[in-house]
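Structure, as structure tokens:
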């Protein structure tokens, strides 16, 4: 039997979207117990969340610094679920104290910070995980393995949309709620909104599935939401190693869309299509044969994706989704925390790559949509 | 803060499909702690499962009778995840000892037993829940509320398919695995396989969504899987109160299907379509306007389904599914265990109705596919 | 070069749905010239339609009897597009005069009449065609060939829905339009509305695709539309030769549906799914491999369906549909008229089979939903 | 009654994809009779096609110049279905002789030529039509009208994919067939393959639906097919009047795709989605209400798209597609030829706009993917 780990959380109070996801994902597979937390800078909210989670007052901290210092010997890892501007400082201190870290994306506000964190983690031999959600989904892992196997041939073209309509659900005649406020605030979010918030998912997904690297980026950014000073829509071209071309759209003003991640990868032998909103399926298309629709956890999936059934809880025909993807990342991360090697979850390297992508995209947009190398 | 409840489980060892679902569903929302169990009649498997779940040896029981007697004061409820033939005995004893029960469907092997359990639960004022999965899904609840609101007008016709291909995934040249063996064995499963196993889901779903009652049933059952002595395919007609007609198909030999629950309800003003494999969506169709596709947990859903957001954890555009549906049932059940009234989960009444349906269907098939009243 | 044939039409004036379809289908492939007609019993409408089609006044007939007698030597065939009650008389006279006939379904109001027409056609060695639309669609032909090839194994179950909402688009507070009036009138339509009108498509499709025969039928018919004296909704069970079971729904009160023909055929090795509203695709599902989606006129289709490309005009990725299906039937019919053997279109045999089905269904409904042999 | 027109065709012999489409589209609605032709530069093929179409030898021309000169008084228009390199010369001569012209896209090999043709048509008061297919589809017209009505609010973003896998269906180890040979040959096709061949459809569709103009273009072109000297894949960014941004992909190396035209238009109030492969449907998405799926020729469509039913032949639930779209263009074109004003079909203006787009895209690609104005 595997002993459950112990963890603490920073951020994730009432109103947080991602905090509950982390907690539910960890509970789903019974991986770890939440034993301490610093959930909000608002004292009342902090205490109320701690109580509702059954955290004792002694282990409820107003300051995350106190949390890290006093709990460092009692916990196996921390989960960082705060707004973007504090990721770096918290992760840095935690790693420095020898605490393993699961940090929400983006890892930091700048590439330099991300590289710094990567170095500290390496030096301290600590695990740094970043839950790029979609790479935790079984059919995305199957897509990656299909590409690796050569089934698609040489990859020539990638088309990726990540379209949300979230900024169209805001009533701009009223004060913004907390979450949207920090998303549009350069002080909290850093120099980018949509590229840093969801563009990084796109960039990671492309490199994860194709096993190629982004060489250079050309980005055309816009701010369409009223009063928004940051980018909320982007059209991005990329060149990958090996000569493949990418067309990517990321948007928060894609009215009526929910979480529309649609990935198409075209090789010279076959292509694949994966749509997050139907993420239990993966379609592969051929020039000379019928389309094939693969279903998560069907008996034949193990042959396509080595280890598939370990990333799935229930049979084909039922849905696993967002929470299960997080749980998959946590399962791999916790195994690494226990000392197991070669587990499949995004870490410091992916955090750095995606920050390189963000900086190149911002620079390209600034310099009249010219190509910028990563 | 709500204190977590304590529960014990009977059944649900290695190889069980439904045991882990119950445990994960309860953990997902942190509703209760598993403190004791009797997971298998195989001693080794029982101990191994208990260990992997962190249950102490003292609270690991070889006999479920011992479990119930010794733990009755320490637990808030038990979850029954055994094969069908033991549901009745375990539930009866538990209720008799004053323990609340969540019991897998079908509630029993006969209508008489189900009625008996209903009576005991009532007499002992104990909660008896049955997790008919699909009624736990938010868009099914929305469908029910849309019908209730009159949006569809008077219901005239219902078409329901529940098609699985599970019996086509079996290699019949080899000995059957445990789970399929008991599904095809009248001693373990009672007089019906497909009707009792998934037909009850269909019958429940129809009554739940339409708010009408099944009056009479005409069933044409078959056994197509090699060596199967029980029904594995059924074509069923029904008459509902109010004059609506039903055509229902349930099958375990629907080759290539996974868990194909497709429900169409036609009123005289509009119709609805819900497909379990895309269960986060609900389509309503009109004669004089465009189809409308509703999305789980979209901002407007609360207006359609009162309380919608309480049954959802994550925003529209992501998936919730099977485990979340179970978690919804458990959330309501646990609230009832705490003494809250009018919670939305299937109980003894639904268990009895569905057993009436099973008996009528079997009788109809025996009597040359004639109408049999419920 | 193939010389174009000459034909006359009976029925098909302004307001007819099916008349223009026949004319467009014939023109699409330039198969025949319309040279004479008797389009309506309303003299004004008859003349106006003839003029708009460029038919000379000398060849525009008020009486179809006159048309047949005077044109019998000048035309290769007639197309009968009148209401159901006159099909028999017109077809009988035409065949008797030695004219080939394409007659809308249902072939007649009774089985006896259908058998009579079959006999006359045979005796006179004339071609009698009935354009059961869906059998003219390339992917339905591919489905049939896949079944024939053994790809699905032994057929066990068929589920067919043919659901229209047409009777929900009627404003019953106003007088009915001509077309709906005759559809609900036993004098014009015969003893059945929905079973004779679209149920016959379903029955034909099942026999065509499975290559099995309907042995017996159990039908539960209803009349839901206000004031309708004929059946407008039916739930029908069938037993096929070879032991396969069928569940079929046909309806004109399926609110919000357009022309929802959905066919599922389950064999013991694989199953197929075809949906008329996406009729350029055909899905085949397997227990141990990914679903396969075949696309009309893709390069590999010829290997699946011998002669596929002859029934298709444009490449995969574009749509062919209703008119093209009619054109396919006419192309085969015209080839037969020219004397070619073994062409693939429904004829007298199919007309008789489907009338047997109608009579058995009506009798079953009358005799308390009991099984009736065909 | 409308008298049928008379027309001649240049190009469109055996092996031509588009020639038969023009002929079938014209026949479908019985608009005009084909009376003369010059179908191929191969004399045998020319004669054989003429014979199979019933064209007399006297009106079968080896030289299109002869055809135009001798038939100019006998025909109402010509249809030009030759490879791209001869469009200009034929159209120029025809217009100069006072013959109306329907010319396949692209109108010419250069912008200058297109402008020249526009000028001649205007000077000679002749009709010049270009059948940009998708604008002939009823649901595209409905999309345009929805945008015009303000239903989507201010247009901010457009995402368009036009992805074909045609160049992946070629066996490059063998000599290319005629059609693919000229598509990859700069002498026949001009300086562009994919941008000129299908990119123009995309550019036209965007301007048609949004009612905005393309201001500037940034294009990244590739040649992935073995030995191809022209572009076969393009990622294109655009800026529209009014500030909207576009991301467009056009490709002939999109393995496994057939004719994947997918258009998404995002306004600040709603968005629309149209997919050519399901072209009878149009989805409109809202932030605060369910998605709406409109169906071609449903009763409510006339309220959305003024004149909708005139562009449709059959009811919702059946398919109209490629041929019907061409027929719609021809119906409008023929009306214009008869002297009717303000008909809805693409003409010289659209031909010129799309050639401007092609030239800007090519220049952008040449000049390191910089913005180029139209």
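Letters A, B, C and D mark the chains in the order given here, with residues in each chain numbered from 1 onward.
Methods note: a residue touches a chain if its C-beta (ideal position, glycine included) is under 8 Å from a C-beta of that chain, and two chains touch if they have at least 3 such contacts.
Keep in mind it's a predicted model, so treat the numbers as computed, not measured.
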{"item": "Far-end chain from subunit C, centres as C-alpha averages", "value": "A"}
{"item": "Selected pair, greater C-beta contact count between B-C and A-C", "value": "B-C"}
{"item": "Centroid distance [mean C-alpha coordinates] between subunit D and subunit C, Å", "value": "35"}
{"item": "Separation of subunit B from subunit C, taking each centre as the mean of its C-alpha atoms, in whole Å", "value": "42"}
{"item": "Rounded Å distance between subunit A and subunit C, as computed from the means of their C-alpha atoms", "value": "54"}
{"item": "Two or more partner chains touched - positions in subunit A", "value": "169, 257, 284, 287-288, 291, 295, 298-299"}
{"item": "Touching residues on subunit C, where the partner in the complex is subunit D", "value": "1-2, 4, 17, 20-21, 23-24, 27-30, 51-54, 164, 169, 257-260, 276-280, 295, 298-299, 313-324"}
{"item": "Complex interface listing, subunit D residues touching subunit A", "value": "152-153, 156-157, 159, 161, 163, 165, 168-169, 218, 220, 222, 224, 233, 235, 237, 245-247, 249, 251, 253-257, 264, 266-271, 284-288, 291, 368-371"}
{"item": "Contact set on subunit D toward subunit B in their complex", "value": "283-284, 287-295, 298-300"}
